[in-house]
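Read from first to last, the chains carry the letters A, B, C and D; within each, the first residue is number 1.
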Amino acid sequence: MSTLFPPRHILRGIFLIPFFFLFFSFLFSLYAQQNQGSKVTCYGDAIVVGSIGEPITLIPILAADSASQEIVGLVFNGLVKYDKDINLVGDLAEGWKISDDGLEITFYLRKGVKWQDGVLFTAKDVLFTYQKLIDPATKTPYSGDFKKIEDFKIIDDYTVKITYSEPFAPALASWGMPIMPAHLLKREEDFKKFSRQPIGTGPYRFVRWETGSQIILEAYDDYWEGRPYIDRYSYRIIPDQSTLFLELRNRGLDYIGLTPLQYQRQTNNDFFKQNFRKYKYPSFGYTYIGWNLNNPKFKDKRVRQAMNYAIDKEEIIKGVLLGLGKVCTGPFVHNSWAYNPEVKPPRYNPQKAEELLAAAGWNRKNKAGFLVKDGQQFEFTLLTNQGNEARRKCAEIIQQRLKEVGIKVNIKIVEWGCLLDIIDKRRFDAVLLGWGLSRDPDCYDIFHSSKTRPKEFNFVSYKNEKVDKLLEQGRRVFSRERRKKIYHEIHRLIYNDQPYTFLYVPDALPIIDARFRGIEPSINGIGYNFIKWWVAKEEQRYKLQE
Amino acid sequence: MNKLTLFGISIIAVLILLAIFAPLISPYNPQAIDVDNILSPPSRTHILGTDSLGRDLFSRMVYGARVSLEVGLVAVGVSLIIGVLFGSLAGYWGGRVDSLIMRFVDIMLCFPTFFLLITMVAFLKATVFNIMLIIGLTSWMGLARLVRAEVLSIKERDFVRYAKAMGAGNFKIISRHILPHTLPPVLVAAILGMGGAILTESALSFLGLGVQPPTPSWGNILMEGKAVIDIGWWLTLFPGLAILLAVLGYNLLGEGLRR
Amino acid sequence: MLPILSVKNLKVYFSRGKKIIKAVDGVSFFIKQGETLGLAGESGSGKTVTALSLTKLISEAKFLGGEVVFKQKDILKLTSPQLQKIRGKEIAYVFQNPVSSLNPVFRIGTQMVEIIRLHQKKNKKEAKSYALEMLERVGIPDAEKNFESYPHQLSGGMNQRVMIAMALSSQPSLLIADEPTTNLDLTTQAQILELLQKIRREQDLSLLFITHNLEILKRLVDRLAIMYAAQIVEFGESLFTRPLHPYTQALLSAQPGYEGRRQILKGEVPSPFDFPSGCRFHPRCPFKKAICEKEEPPMQEREKGHFVACHLK
Amino acid sequence: MFSYFLKRLLNLIPLLLGITIISFAVIHLAPGRPAYLKEMDPRISLEAQEQLIKLYDLDKPLFKQYLNWLKRVLRLDFGNSFVDGRKVIVRIRERLPVTLLINILSMVLIIVVALPIGVISALKPGGLFDKWTTFFVFLGFSLPGFWLALLLMLLLGIKLNWLPISGLKSFDYHQLSFWGKNLDIIKHLILPVSVTAFGGLAGFSRYVRGNMIGVLKQNYIRAAYAQGINKGRIVYKYALKNALLPLITILGLSIPGLIGGSVIFESIFAIPGMGRLLYNSAVARDYPMIMGGLVIGAVLTLLGNLLADLCYAWADPRIKCK
């Protein structure tokens, strides 16, 4: 959202989930249309992408921030990836087989794929990546899914068989993890160099990293899917949202993500209409208020439901996102098959809220106009992290609305590290935060009652036995249809319990220079077919000879 | 030049009035969000326009004057306390105390101002008070040098010798006989310092490291304004002018007093 | 013999804010070829301003009036380039505080060569050897070495010798020495005075010697002019033996060797913002009459070549 | 000269020591231990905590902490950045040249512009030119530099599109000819350099003016006039050299302000220098990085001052011989 802080800061706020696969939005589809329109595709030109943050490391299994993931996504491939319809398809794996008991996955690897240094890709690389992932010395946030693996067997150079200790539905998706070259990372010291000079199997190969300024990639001629059309990819780092935008306006950038304000107000003139295309699709993440369920006030379901009525989500979306988002009703976003369309968000209804609060015993008001129960005023602290404009604005709007039903809200904006500390010690009333989501709906870590210990993610201490059971089931079952039913039910139950007040799902708002063709928006965004984007000869801006 | 001094005084006077009567003067609650009036240009209802949350810019700037005034006063107060203390100790005692303190001043002056500020901001919580404290803690060195030089010259004067001969204690000599005579130049330096403190605070807030929103400060209004500089010129123009005028006011006043 | 320089009714006014400072107010005198004229008076009486305005060195003056005729030319009417040809070449100066009168950041040699080449057609080499010659003439030992020195490396006396060498290098016809020995110690003072006398004897040089020290003048000058409150009150040859003006009498009686009754002057030198009416000395004059307060006394020649401005007879 | 140099060098030692003491004291500013901050971050939590405790020896007595820290700092070992785990000193080394370049260019610009302004207004104090420059100087003292940066960026970068608004090089820099590359960098530098210089301009021209007025009143200037030297030569040779000397020191003293200003301008213009590195580190609470930047920044200033002093000694004969 609109903020002047580098995204690391914000992103850590959104992406608390230990395993998520943002990079999938930047991976590319096998089945993307080759041609589009009447013109013939051509090679050439370059795309200059603007970013607030600078990648931290280009070692795929360590890359946790969006900037690192973006570059990693172009230089590497996983075994599988999501296509435009968010179905898992093969990437470095041509296909796979899941045993009937769901315990074994066999991957059949693509033959003839070459690393960018010319060496052939084989099962050894997959094994190597797996070993690094579970190595305790590797500080990777992604090890969780892989620790459930009981046995990893190389059948031959192009076949691996992976055995899990129990059926684990998100397992397949976890193999979207980019595969690293075993032959280049034999020694510990190799990683150091690799983190700033990676070599992968992906469509683009790394050329140069000018620290603090830009990263340059070039099309990999021998890419197994075919060489990308755009010759060169430059990732320019401009640490300030407004400079980023001004640079775009100066046409020094081809592709950035807009803030809602920029989308709605600053790009509606003829200049932008002529030179750029804007896109808008729901992002995979939501913003919520988490109530500390150990707090006697919020233990009462009626109070939480009252909050849901008293907070005007439409207003928040209007004020904070300028309408560019959807009301969130549960832990799944609208694009996901797990989303239960039957769960309808209630209208903003302060009377209903007051009734519910009265039912919970908050039926009298003091002189200041705040609700009182047992001599205590209804007052709580809403905590959020520093440097996130959208959350700050959001908190202010909520403060105003809750005041109207007689609840006093104190906003406390703290530094991210402090916030984590407070959450960890459970010393909060309510937190305003966001989750970034993977494409798999599994949310066991967030809502299962076994995950309430310190540093685990069910920090609101939510406990519902039915939900617990369903979450367990959802992980064991592989069939999309059966899982769909399970997660729809989870959605309904959680919504009814309101451990969170779900606020909104913001839209992703990319803007791209109009000369790029072949962009096909889908529910999986636009990045999935990036290698098929192209620029007509006469419109190409950058000539490349080095 | 006299006219300019008067101009300076009137700017400061207006600033003080705005700060004191902020609740009466501002037509809106400076933090009242109005999502239907986002980024409306100056008009009859919002004379300086609204910001990206629909809040009234004029009201926010009036409250911002409070922050600026406070920052000037408190930051300079802090640097006065430290500067006068160190300066008079060094000047009065001379010898080792003097060289120790002046070394300390030299060392502090080695740190690039903003590096020191940023470091302190990073290590302390960014409350308004801390920001003021930090600005004060990083700007007392000039005052210390000034006070020391003044004390050095005054302590040789006859009335100080006389007081000493009459058996007055050191503390009394410093506070009664020496410090009052350093007042004029110190006052000038302090007033110029207030302008400097306002500039520093606004720069910090502009970088997002200073006064944290929603508390309005001219610096963080500018920060928010920068994001919409192409469509919301009023959010960049007016707070910038306000800073310019306030600092100019202090500078003119200080310069006028120096004469 | 025609005077080489004659000054008539010279007026130099400065302004400070709205007030007018009359630093020199109607001064007239003349210097004959080859003679030494002494100009004496208390500090603040306008001696230095008079000396400086002789070549229009007072750029910040609000008003500059009267005439200064030097070799048939009225200097006050000359343009800057014309003045530059006279300054240093025809009329040279030696100032008080020799150390500060030399530029601290250039070597002595550099400064000398610059002046020599400015006024004479000499190449660098010639200028240097001439400068060395001049240094030796003014009695600077080890001229080669001192040529390379900076002013702060030499003593005050040495610096003054350098200044004199520079002043004499272009053979001026008039040397104006403004308190040239004031801040020097006694021995050096005597040496510098001797040097000046020697030079005057060797060259046919006219000298205007300004000082508040009458003792020095006694030995040095042919004629003497006494300034008081921006005006000359007495002027002539026989001043030392027969002072006519009460102020001159008082000054002389304050000299260490004076025999006779000492007159102690009461009061202070009047402020240049606001001179007393009539005779400017009247508030301090022990012999004042009624007329003294009202009328300014005219300059009269009482004896041959001895002028005085006083109502007393 | 040599002994002067040696003396100055010896003088540095207590200053350097003082810099480290103050920098070290800053680590303890954070209430409680700074280590608690990253606890819940799954990636670097324990690592960071351990690193902090190890880096600053937070579990040892204060004096020992300082000595150990000092030992490492003397070897330029500030530990590794929390953000990307690379050595602090390596990251600083990458960023430093740009910042130095901009600051040196700004100083040159300050001198080139402020010198004539100061001299001309000193020739006629109170004259029309002097009055106008005085006015602009006051404006310059009062103008927030970052605001000016914004306005210039808007005018020259966006509205007129004459200059690039961010970064140091164009995207296609590597394809440009030799002259093209230089031109490209110059174009990128114009805005940041002029805005950085602006802060110093007002003060510096004032100093030039003041010094010049003072020098023009000196005896040797009057003596030079009396010697028939023309005005131009007196002003630009005799007076200027004298007036310039103390300015070398002033220039040296302005270094901390200039380098400090890089925090603001590098952030606005997206220039990958020290200032922006430090800003990012402050936002991310990357303590080792901040500490490294602080110490290096101070040492740089110290060296700058030393350089200024040496220049002064070299240029002023009065010091040279002592």
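Simple rule for what comes next: contacts are C-beta pairs under 8 Å (C-beta built on N, C-alpha and C of every residue); 3 or more make two chains touch, one makes a residue touch a chain.
This is a predicted model, so every value here is computed, not measured.
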Per mean C-alpha coordinates, the chain lying farthest from chain D is C
The larger set of C-beta contacts, choosing between A-D and A-B, lies at A-D
Between chain A and chain C, the Cα-mean centres are separated in Å by 92
Whole-angstrom distance, CA centroid of chain B to CA centroid of chain C, is 55
Taking each chain's mean CA coordinate, chain A and chain B are separated, in whole Å, by 44
Here the gap between chain A and chain D, centre to centre from mean Cα coordinates and rounded to Å, is 41
So chain A residues touching two or more other chains come to 5, 240, 246, 249, 387, 415
Multi-partner residues in chain C (2 or more other chains touched) are none
Multi-chain touching residues of chain D, meaning two or more other chains, are 158, 267, 279, 283, 285
Among line, ring, star, complete and other, the chain touch graph is other
Those chain pairs meeting the touch criterion are A-B, A-D, B-D, C-D
Chain B contacts chain A in the complex at 31-33, 35, 38-39, 52-54, 125-126, 207-208, 212-214, 223, 226-231
Chain C contacts chain D in the complex at 52, 55, 57, 80-81, 83-89, 92-93, 95-97, 100-107, 114-115, 118-119, 150, 152-153, 163, 166-167
Touching chain D in the complex, chain B uses residues 4, 103-104, 106-125, 195, 199, 202-203, 206-209, 222, 226, 229-230, 236, 240, 243-245, 247-248, 251-252, 255
Chain A contacts chain D in the complex at 5-6, 8-9, 12, 18, 46, 48, 56-57, 62, 64, 139-141, 195, 210-214, 234, 236-240, 243, 246-247, 249-250, 252, 387, 415, 417-418, 420-421, 423-424, 455, 542-546
The answer for chain D against chain C in the complex is residues 218-220, 222-231, 238, 241-242, 245, 315-318, 321
